[in-house]
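Quick heads-up: structures coming right below.
Shared chain: chain A. Partners: chain B in the first complex, chain C in the second.
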Partner chain A sequence: MSLLEVKDVSITYQMPNKSVYAVQNVNLTLNEQESVGIVGESGSGKSTLAMGILRLLPSNAKITGEALLHGEDIFKMSDKRLREVRWVNMSVVFQKAMNAMSPVHKIGLQMLDIYKVHYPDTPDAEIKTKIIELFKIVNLPPRVYDSYPHELSGGMMQRVAIALSLIFQPEMLIMDEATTALDVVTQSQILDEIMDLEKNMNIARIMITHDVSVVASTCKRVVVMYAGQMMEDGDVTDVLVKPKHPYTKGLLNSFPSFSGEKTELRGIPGNLPDLSILAKGCVFADRCPYAKEKCFNEKPELKTIAGNWHTACHYPLGEEDNA
Partner chain B sequence: MKQYIWKRVLTGALVVLFSVLFNFVLMRLAPGDPTRLLAGKENPNPATILALQERYGLNKPIMVQFVLYIKQLLHGDFGFSYVSNRPVLTIIGERFGATILLAVVGLIIEITVGILLGVHAAQHQGSKFDTILNGISYFFDSTPAFWLGLMIILLFSSTLHLLPTSGMYNVRENYQGFRRVLDVGYHMILPTLTMVVLNIPYYFRITRSSVMETMNEDYIMTLRSTGMPEKQIFRKYVLRNALLPIITVVGITMAYMITGVAFIEIVFAWPGMGRLMLNSITTRDYPVLSGIYLLLSISVAVMMIVVDVVYAYADPRIRYED
Partner chain C sequence: MPEIIVKDLMKYYRQKKAVTTDKGTIKNAEVKAVDGVSFELEKGEILGVIGESGCGKSTLGRVLVGLEKPTSGEILISGTDSQALLKKDRKSFHRMVQIVFQNPFDTFDPRHTIRKILVDACKMHNIGTNEAERTEIVLNIMREAGLQPPEDYLDRYSFELSGGQLQRISILRSMLLDPSFLVADEPVSMLDVSVRADIINMLLKLVREKNATMVFISHDIATTRYISDRVAVMYLGRIVEMGKTDDILHHPMHPYTRALISNNASLDPNEKRERIPIPGEPPTPIGTGPGCYFAPRCPFAKEHCFKSYPEYQTGKDGRIVSCFEVDAQK
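For the complex of A and B:
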């Protein structure tokens, strides 16, 4: 059985005068010790999906489908059961680490409080030793325990957030743009550390980012999302090397490559569609350079290319398009 | 932290010194000659005037006069009232207690009730309770103090004959001992009610918005995602963080509490500093007025220092600044 199985999940924000279809029919499987990246531009629904899996969405968000954690549907868990599962089985690192902890409480104290949520009988001294050990793993000095968040740099706070997420060695870690705010040097250091930790602690990871290079260097599989829908998913070595979906290709063309020859840096013309209107055809058709009549009238299903590689396109790109 | 407190105290002292200087200059700029007034209106004797100038040091250079003025202040000599010729400090002293009594009792009630209502409304955002209270708060926030005071007098005193219209105690009976305390309490009900009703909206709204804002902070989301029960998150983390803007607001109102109750005192003929100030303005009793202003500026300065120190204890980010 897979660690996490997301089946046909749709998330709709109910507004007073309209509905915003933020995530539509997403399927995702995460096996133990696996790493999956979810990429897409801002507003593509990747964070909403993650927050939905964690059940941290505001009450006006309606979720349908299933998210099975070891076969148990997270969406159907009681509040009590949900609290038990949180942080012990699945934890999260948020984007704005500078704001990830209460500014008026010492970091050690907050972590101690969080530890006691699940193990209230552990003596304080023992927890403190554990936390300081954890700091050492993420390259933080012990003095952080008695520091306030404002006394640390952005990179240090990011490490604190990571240390916090690892406190119970969860099976599943969701990183929501966790390194986006950092400079590239710190980012690559932290990414290396995370990958080492995963091996040692048997953690599976969902990495949400708009940065394709982060996924390429740290994930085994990737899901490409656009306007709340899955465009393509499969192994990083397939999807990011020879994309079948024009959107994936556009996303890849929006980033410069470090090696290889100089190519023109191209964005994707146009903007995200209005998510309150359900498109009849393919959501990407308006911006797609390859769009044909069928694309505007008929919604493409996810089709298998090979093995676990799928794409939702009527006319998948061939080898010659990626040349 | 020590350095921080010293800095605040020094700033406070400077503020007081400047207000003393301002006070002094204002008095010298006032039209008319006090010695002429003291010597008598019709053809005063020049020798008397000279003697008076000598006595009050008015023939000395202005800088020397200023130093003399400060010396007098330090000795508790605030001058004499033009109207009653009694020492200013004694006059203010008689009224100070009444103002502080009204202000402190009112503040305690309005802060407690305002914060409790605000927290409750924030927790039940959008509920009937929240909506109704919000509406009421805007209504009373825009109500003038004198109007509400008069309406309350009209209702509780004139129509229902339940409570006295004005004053601090029953002058005719002049109760003593415990009965006196009860009598003052009885007279306090209406002025306190007016003050509290007018000021609760202020604390209510700042608390409500502060708590609501804090509940949406990222760190609260982090705590929620760790499985911490909502009650614990709210009591330990939301309230503690939401307190910071509330401290600022409470501090400012405390600093101005003496002037804050002036309108109430005037409407209810409460024998406090507010009424004294109004009377002194109408009778042009400058020494009393300047005494009141000085006291006000000192109390504002002291309260500001207290607030800054309390704030520094509440918010670790402040402590390390400067």
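For the complex of A and C:
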């Protein structure tokens, strides 16, 4: 059985006068020790999806579908069960680690508190030893235990957040833009550390980011989202090398290349559609350079290209002949 | 004669509180944000400045456009000393020198409409004779920049626009006065990837059209490569290596440049790049020296690296690099 199975999940924000369809019909499977990257621009619903899986959304968000953790639906868990599962089975690292902690309490004390939520009877000294061991894993000096968040740099705080997420050796780690705010050097240090940790601690990871290069270098599979819907998913070596969906291609073309000839940089013209209006056809059709009549009238389903490679496009790229 | 000449520019900030470093406590410590930067730019040339946060690249930009007063050093723009001109005629200085900031939402007063933002800039610098003429000028440049139809935008407030749209306005306002020198400080790093490309192309088009000289500050190496003719790599307030873009980025010599570039993740999942690790993070530039500033983190540092700061060597391809351990002639 897969570690996590997300089945047909839709998330709608209920506003006083409209509904915003933030995530629509997303399917995702995460096996043990696997790493999946979810890429998309702002407004693509990638963070909403992750927060939905963690049940961290505000009360006006309506969730349908199932998210099965070892076959148990997260959306149906009681609050008590949820508390048991969070941190122990699944944990999260947020983008702004600086804001994830209280500024007026020492870091060690805050981590100790979290530990005690799950194991209230453990003596403090034992927890402290454990936390300092965790610090060592993420390359932090022991003095961090007695520091306040403002005394640390952005990179160090991000390491604290990662150490915190590993405190109970979870099976699944969700990283929501966890390295986005960091410098390239610090980012690649932390990404390397995370990949080592995964091997040693058997952790599966969902990596949410807008930076395709982060996914390319650290994940096995990738899901490309646009306007709340899945555009394409599959192994990174397939999707990012020979994209089938025009959006994936457009996204990749938007990054200037580091090597090779300097080709003209092309963005994707237009803006994200209004998510409170359900599109009749493909959500990307308005901005798609290849859109035909069918694209505006009929919504494309996710089609299998090969193995676990799927795309939601009527006319996948490179298959014009048989379209 | 070069359009821009920067000579030994320094910007120090004095700390009011005593600072504790591993070398002991220092009173009246000076943070050397920019510590002796020199370069020359020909008219129409674009220089990319890259480096990690805290390397002084933004401070350099702010000093160049007169937002900060340099501690010492000279900036000559078309042969005029910028500090003297600033004192004499601030307005004509700002007509020559403009800046585009990272976050367009922080650039403008939220109580001003786009009309006020753009038309006021014209008015202040005597572009156009009356309100109607100025509005016409503004509408024209907005149309050219792809804000269609421009009338729709005029009476909106900055927060009613998307980041990409507002950054276009920000670039337009800076280029409105035909500046001969533009500093762009991370102008696209907070925008979505799919709009980034269009903004960069718009900026490039305007700069090329008006034959302006630009300093493009960024931590994104691939974007810098796309936009600039030459690249300067900064570390703790100093340029450690500078030369033609592809020479520097594809054949870096300085250990810091090499490490920085090797840590840059690639879009291609099949490409495996050998990563040069550099431990730790850049320290605050307090009490630096006497040796090479990068030596404490440098994987190739030898004893002499800690004793004196390496002079610039000039390479065959015209680059300058300051490191004892490389031979620029090779």
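Simple rule for what comes next: the second predicted complex is superposed on the first by the 316 of 323 C-alpha atoms of A that agree within 3 Å, B and C clash if a C-alpha of one lies under 4 Å from a C-alpha of the other, contacts with A are read in each partner's own complex, and residues count from 1 in each chain.
In the analysis below, a contact is a pair of C-beta atoms (placed from the backbone, for glycine too) under 8 Å apart; a residue touches a chain by one contact, two chains touch by 3 or more.
These numbers were taken from a predicted model, which means no experiment stands behind them.
J.: Do chain B and chain C fit side by side on chain A in the superposed arrangement, or is it a clash?
T.: fit
J.: With the two structures laid over each other on chain A, which partner does A:212 touch: chain B (first), chain C (second), both, or neither?
T.: The answer is second: A:212 touches chain C but not chain B.
J.: Determine, for the superposed model, which of the two partners chain B and chain C contacts more residues of chain A.
T.: Of chain B and chain C, C contacts more residues of chain A.
J.: State whether A:118 touches chain B only (first), chain C only (second), both chains, or neither.
T.: Only chain B; A:118 stays clear of chain C.
J.: Taking C-alpha centres, what angle do chain B and chain C open up at chain A, rounded to the nearest 10 degrees?
T.: Value: 70 degrees, nearest 10.
J.: Of the two partner chains, chain B (first) and chain C (second), which one does A:296 touch, if any: first, second, both, or neither?
T.: It touches nothing on chain B or chain C.
J.: A:153 contacts which: chain B (first), chain C (second), both, neither?
T.: The second partner, chain C, only.
J.: Looking at the overlay, does A:105 come into contact with chain B only (first), chain C only (second), both, or neither?
T.: First partner only, chain B.
J.: With both complexes superposed on chain A, which partner does A:189 reach: first (chain B), second (chain C), both or neither?
T.: So A:189 only meets chain C here.
J.: Would you check which partner chain A:86 touches, where first means chain B only, second means chain C only, and both and neither mean what they say?
T.: first
J.: Closest pair of CA atoms, one in chain B and one in chain C, after superposing: how far apart in Å?
T.: 5
J.: Show me the chain A residues, by the header's touch rule, that chain B contacts in one structure and chain C contacts in the other.
T.: Shared contact residues on chain A (touching chain B in one complex, chain C in the other): none at all.
J.: If you look only at chain B, which of its residues touch chain A in the complex?
T.: 217-219, 221-229, 232, 236-237, 240-241, 244, 314-317, 320
J.: Which bits of chain A are touching chain C when the two form their complex?
T.: 41-42, 153-156, 183-189, 191-192, 210-214, 216-217, 236-237, 240-241, 250-259, 262, 264-269, 271
J.: Quick check: in the complex, which residue numbers of chain C touch chain A?
T.: That would be residues 52-53, 162, 164, 192-198, 200-201, 219, 221-223, 225-226, 249-250, 259-260, 263-270, 275, 277-278, 281 of chain C.
J.: In the complex formed with chain B, which residues of chain A make contact?
T.: 54, 56, 82-88, 91-92, 94, 96, 99-105, 110, 113-114, 117-118, 148, 150-151, 161, 164
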